[in-house]
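What follows is a pair of complexes built around chain A, which joins chain B in one and chain C in the other.
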Partner chain A sequence: MNKVMSNKLLIALYISPALVLVTVLIFIPLILSGYYGLMDWDGIGAKTFIGIENYMNGIKDIKFWNSAYHSFLLAIFSTLSLAIYLVISFILASKIKGADLLRKIYLIPMLLSSVAIAQLWIKVYNPSNGILNVFLTKIGVHNPPAWLADSSLVLFAIFIPILWQYAGFYILIYYAALKNIPESLIEAAKIDGASAFQIATKIKLPLIKEVVSVTVVLAIVGSLKYFDLIYVMTAGGPNGASEVMASYMYKLAFSSYKFGYGSAIGFLLLLITLIVTFVVRKLTTSKEKIEY
Partner chain B sequence: MKGIKRTITILLFASVFYLLAGCSDSNGSSNASGDKEIKFMHLWPEGSSKQHYDVVKEIIADYEKEHKGVKVDLEVLSNEQYKDKLRVLSTSKELPDVGMTWAAGFLEPYVGGNMFAPLDDVIKEKLSDSFVPGTVEAYAKDGKTYGLPLELNIVTLYYNKAMFEKHNLEAPKTFEELENVVKAFKKDGIQPIALGNKDAWTGSLWYMYLADRIGGADVLNKAIDRTGTFEDPALIEAAKKVQDLVDMGAFVNGFNGLADEEAKSMFMSEQAPMYLIATWDLPNYTTNESVPKEFRDSVAYLKFPTVNGKGDMNSFVGGPGVGLFVAEDSKVKKEAKEFAAFFVKEWGEKAVSEAGVIPATKVKADSLDLPKMYIDILNELNQASNITLFADVQMSPDVAQVHLDSIQALFGKEMTPEQFAKAHEDALSKSK
Partner chain C sequence: MKRIGYFFLYFSLVVVALFQIVPLIWLFIFSLKDNREIFAGSPFALPSEFRWENYQKVWDGGIGVYFFNSVWITALAIFLTVLFASMATFAITRMKWKLSGFVLSVFIIGLMIPIHSALIPLYSMFLSVHLINNPLGVVITYTAYNLPITMMILLGFYYTLPREIEEAAVIDGCSVHRMFFQIILPMTIPVMSTTVVINMIYNWNEFVFVNTFISSEKYKTLTVGIQNFIGQYMTDWGAIGATLIISVLPIIIAFIFFSNKVVEGISASAVKG
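What follows is the complex of A and B.
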């Protein structure tokens, strides 16, 4: 085996298929979209080179920053909701009855496709017949809000299903990490007289810190590029009130036929996500290695 | 030993590249028997538009029977997928020989990119005088026509006769009567008008009609083609009237978050008595067997009311739906043009009798056994003094997007009528 690994030619050979695929399918389109961002192009006719005008327009575009603001709100909400998921997984990982069943129930939303979830929640939010408003009227609320039509509420109305959708995913990760903590450590703490709360915050939490920091990055990056559910539920409306960066990019390129401008926005989206990821990684990774 | 290793390496590399290259190696259009092949793409899948799909199949079979040596290669996609695929194909210059397009604003980029062939010769030779006036024109740009229209739609206000009778109401003929009807339904706790404004073009229909009734048939067209302005008093007045209706609670709750389908289902489940939509919905109220007969019988239609006694009720909002294009760089252009002309001719007869669609070609409805409402609307069409093309189709795609967003904002009362006009002015002056 060592012989194979020291052969540079063979190493190159083994990684070449994946490398070629990644280059062709990811890096070339990436560079191309950055390049298209330099063009005045409707996606069909002739391209005209206009330098960085699209990028400059993007930076000055209030609608883009508006959608970026919505994306950041979503990122903040997703990160905060990680705390709830963490608490749930602590409860599930302690030996309570039915934990296994509950874990499976939490996971179910993740098994549904985003489009199905969107359709489901569109029904829930229906202003006249939706389960939510029917319930609200029953308990005496007059004129409950039309959730997806009210531009001050629509964003939060959409966040709920998104957080609901990913709950199972994060709970699963936390649960697995918690189950990995050696029983002996907990036993020792118990003998020393630590309470359940102390064990959770002083022992378990520090031990899964690395996992938590990974999920923070996942949640933030996932939120910044989030698209599908919002597109199906409101298409960014009403009047841009639920527009996020990715849906704005899609709208520009495919509905307004500003392919060059859309590409530029897409490239800006990539840059923003890269920068945020870098910063978050810097802030959350700890130097010390955890060993059980 | 070294030699063997090198051979294996080269073979492995070769196979990787072969696999990658394999994807792009598609078969050419020539085939062994010397037959010519016309590639045709349409957007009526068997699942969702069975009647349309079957008619197309019949037409192709007829064509192949009459034209030995020509084969039609069919590809069917659903609406949104079709639009996406057409874009991608045009970017890589691989459009089908014959396909479907929408009029005006939609085809602009394609014409600008020299993708569609001018079809004036076909119209002159084979289809002269067969189209309803105003339909072909929607596909023209700079004096050349790039599409053969297939459908024609006009928008009318459908209402539920049974619900009107139950509340002792009469079909409104003026805007004031409409307001009274709205008030009466509101008083009885019924949401009067079904509207799904998430799609925004639905709200645009209301705005367009009000503009037409207040300012006449030309005011909106002129604002769009820049011989007029969106800050015309009539257009601002129309925007005000829209907000009046919103203030009265004329539309169903949360209309800005509802899709058109949801609004339609509210109308069809008798939760709302009125619904403004185009004739493509006609089969639901006439021939569609899966809709309860009782409901179909209780639906009638209204021409959009006059406002302050002004406005011509025979002026309609509407326009052609899809039409056929022929690709400019088609290898079988002559045959493709011939096929397109053949298609339009046969479609005219079959669309009415088999699919219940109003075609863009003139038809003699008298000889066919059709539902009464269908014949009535055909007659309206023949007497129409004007058909104003849907605003979002008239505008170029980027302005259309501004229009649709502004419509949502206007209906949601996030914009004043003046701001609404200004948003359009800004977008239109920037676009050209």
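What follows is the complex of A and C.
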């Protein structure tokens, strides 16, 4: 038995397709990204080694920090919106009729491509015929804004479809966690005279703390990597007002042909993401394990 | 009092549901209208006649090519991902070797990587081996990037399979290949189908890899292809609506039929990731 199941050749045979693909297409490119960042390179011609110049330029690049600032704003927005999702999940999990159907309706936007969502919301925000401004005009707003062309509003206007896209995802996770809490705990609390609000904040919330911290990490890391929707909706505009780290990197490489500099920015994006993931995990996960 | 509270809670849930669904309904409605109706009438008025010709127009306009590319690229990548992930998960959870824990952690680290950081090197690697503007480049990229999450979903199920299966099979003189393909793999069909649905959603909707690696119209998938289309029909909202509905329809249909699998897959991938 042990001999058959520890045959080295067979193990290699079963593990290697996946391991080779992941190594060649995920890990090697990451290392190369750090390496290309040391080059002056337009993507086609010869690479010239220039040391850490690209990285130094990246650290001093106002446009990069501006895009990083927008990414962090999105991360903060997304994290704050988790509170809304939590409240919705609490209501949904309180034995309400049709909860299953509602939860599935909430999930639908998440299944669609960011490109389709972006195109749909471009239409929603259309200054003259979009449903938003048609609605605003009807309720008496005279000059509703041109949402995506206004640099002071654009980031907020982009955040609404993000909220729309991911609401169902977080509600699904919280709902599942709440449904996992054993009924007996809640019954015991009720017998002791706890109010519904107390049960929610003092019993249920602490019990799903782990799940909440996972979603905080997902929301923050997801926001730092955010790209598709913004790229299609505004391409970072107007005038860089909705540029994020990934879209800035993408433009450097594939529109300006600064492959070396773009790689350096891509590598900084990786470092920032990993550091933030590590810090947020440290801050949000407690050592004590919850058991029930 | 309690009644009113209950009604209020219910009302707020329905408002959220409306917020989630109304833009899509609006999209569907204007996909059946012409510009005159869209711009003159109320946004939620039903079209005076259902203009299915909007769909006919964009289909004849060539969206079929993108649709077909999306179908085969998605299907091939799902097949490779689920096969390779099952094999690797089998080796990690069922076979005995010292490095299995380390190799598993390599896959788990793969979950945390922002794809954009790997994009430029991937592009130059593909350029040198002629995988740029080649749909196979996209297929292997999807396969690689979906392997970690697929394995995470499979892992829990594989751990719960009883050891006795292998013991009995080995005693009966069954080879490892037969054990995997004829005994283990069929047992994992429930969890495999979850991973298939999740992979389908990811691959069908993927944008940045196709946008970067494919430039020729004949290899583009729907997500990238609809961008051109919309440029072409800039002012024809009916056609744009029809294009978007065609691009999201397969996923919506899959969700209607496999909603439990989708829910399962999404929650598994989130909590474990």
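By definition in this document, the second predicted complex is superposed on the first by the 273 of 292 C-alpha atoms of A that agree within 3 Å, B and C clash if a C-alpha of one lies under 4 Å from a C-alpha of the other, contacts with A are read in each partner's own complex, and residues count from 1 in each chain.
As a working rule, contacts are C-beta pairs under 8 Å (C-beta built on N, C-alpha and C of every residue); 3 or more make two chains touch, one makes a residue touch a chain.
Source: prediction; values computed, not measured.
**Student:** May I ask you to decide whether A:Phe254 touches chain B, chain C, both, or neither, giving the answer as first, second, both or neither?
**Tutor:** Touch status of A:Phe254: both partners.
**Student:** Which of the two partners, first being chain B and second being chain C, lies in contact with A:Leu148: first, second, both, or neither?
**Tutor:** first
**Student:** By the touch definition at the top of the document, which applies to A:Pro17: first (chain B), second (chain C), both, or neither?
**Tutor:** Both: A:Pro17 reaches chain B and chain C.
**Student:** Kindly classify A:Gly43 by the partners it touches after superposition: chain B alone (first), chain C alone (second), both, or neither?
**Tutor:** So A:Gly43 meets both chain B and chain C here.
**Student:** Looking at A:Ala176, would you say it contacts chain B, chain C, both, or neither? Reply first, second, both or neither.
**Tutor:** After superposition on chain A, A:Ala176 lies in contact with chain C alone.
**Student:** In the superposed arrangement, does A:Gly237 touch chain B (first), chain C (second), both or neither?
**Tutor:** In the superposed model, A:Gly237 contacts chain B only, not chain C.
**Student:** In the superposed model, does chain B or chain C contact more residues of chain A?
**Tutor:** Of chain B and chain C, more residues of chain A lie in contact with C.
**Student:** Touch test for A:Ile91: chain B only (first), chain C only (second), both, or neither?
**Tutor:** second
**Student:** Touch check for A:Lys8: first (chain B), second (chain C), both, or neither?
**Tutor:** second
**Student:** Tell me which partner A:Ile52 touches in the superposition: chain B (first), chain C (second), both or neither.
**Tutor:** The answer is neither, since A:Ile52 touches no partner chain.
**Student:** Show which residues of chain A both chain B and chain C reach, each in its own complex.
**Tutor:** Shared contact residues on chain A (touching chain B in one complex, chain C in the other): 17, 21, 24, 43, 128-129, 254.
**Student:** How about chain B: which of its residues touch chain A in the complex?
**Tutor:** Residues in contact with chain A: 5, 9, 12-13, 16-17, 20, 84, 87, 90-91, 109-110, 112-115, 191, 197-198, 200, 252-259, 262, 266, 271, 396-398, 400-401, 405-406, 408-409, 412, 414-415.
**Student:** Touching residues of chain C toward chain A in the complex: what are they?
**Tutor:** Touch list, chain C to chain A: 9-10, 12-14, 16-17, 19-24, 26-27, 30, 38-39, 42-43, 83-85, 87-88, 90-92, 94-97, 103, 106-107, 110, 112-125, 140-141, 143-145, 147-148, 151, 166-167, 170-171, 176, 180, 201, 204-208, 212, 222-224, 226-227, 230, 237, 240, 244, 247-248, 251-252, 255, 259, 262-263, 266-267, 270-271, 273.
**Student:** Which of the residues in chain A come into contact with chain C in the complex?
**Tutor:** Residues 1-2, 4-8, 10-11, 14-15, 17-19, 21-30, 32-33, 36, 43, 88, 91-92, 94, 96, 102-116, 119-121, 123-124, 128-129, 131, 134, 164, 167-169, 172-173, 176, 211, 214-215, 218, 221, 224-225, 227-228, 231-232, 245-246, 249-250, 253-254, 259, 262-263, 266-267, 269-270, 273-274, 277 of chain A touch chain C in their complex.
**Student:** What part of chain A is in contact with chain B in the complex they form?
**Tutor:** 9, 13, 16-17, 20-21, 24, 42-46, 122, 125-129, 146-151, 154, 234-235, 237-240, 251, 254-258
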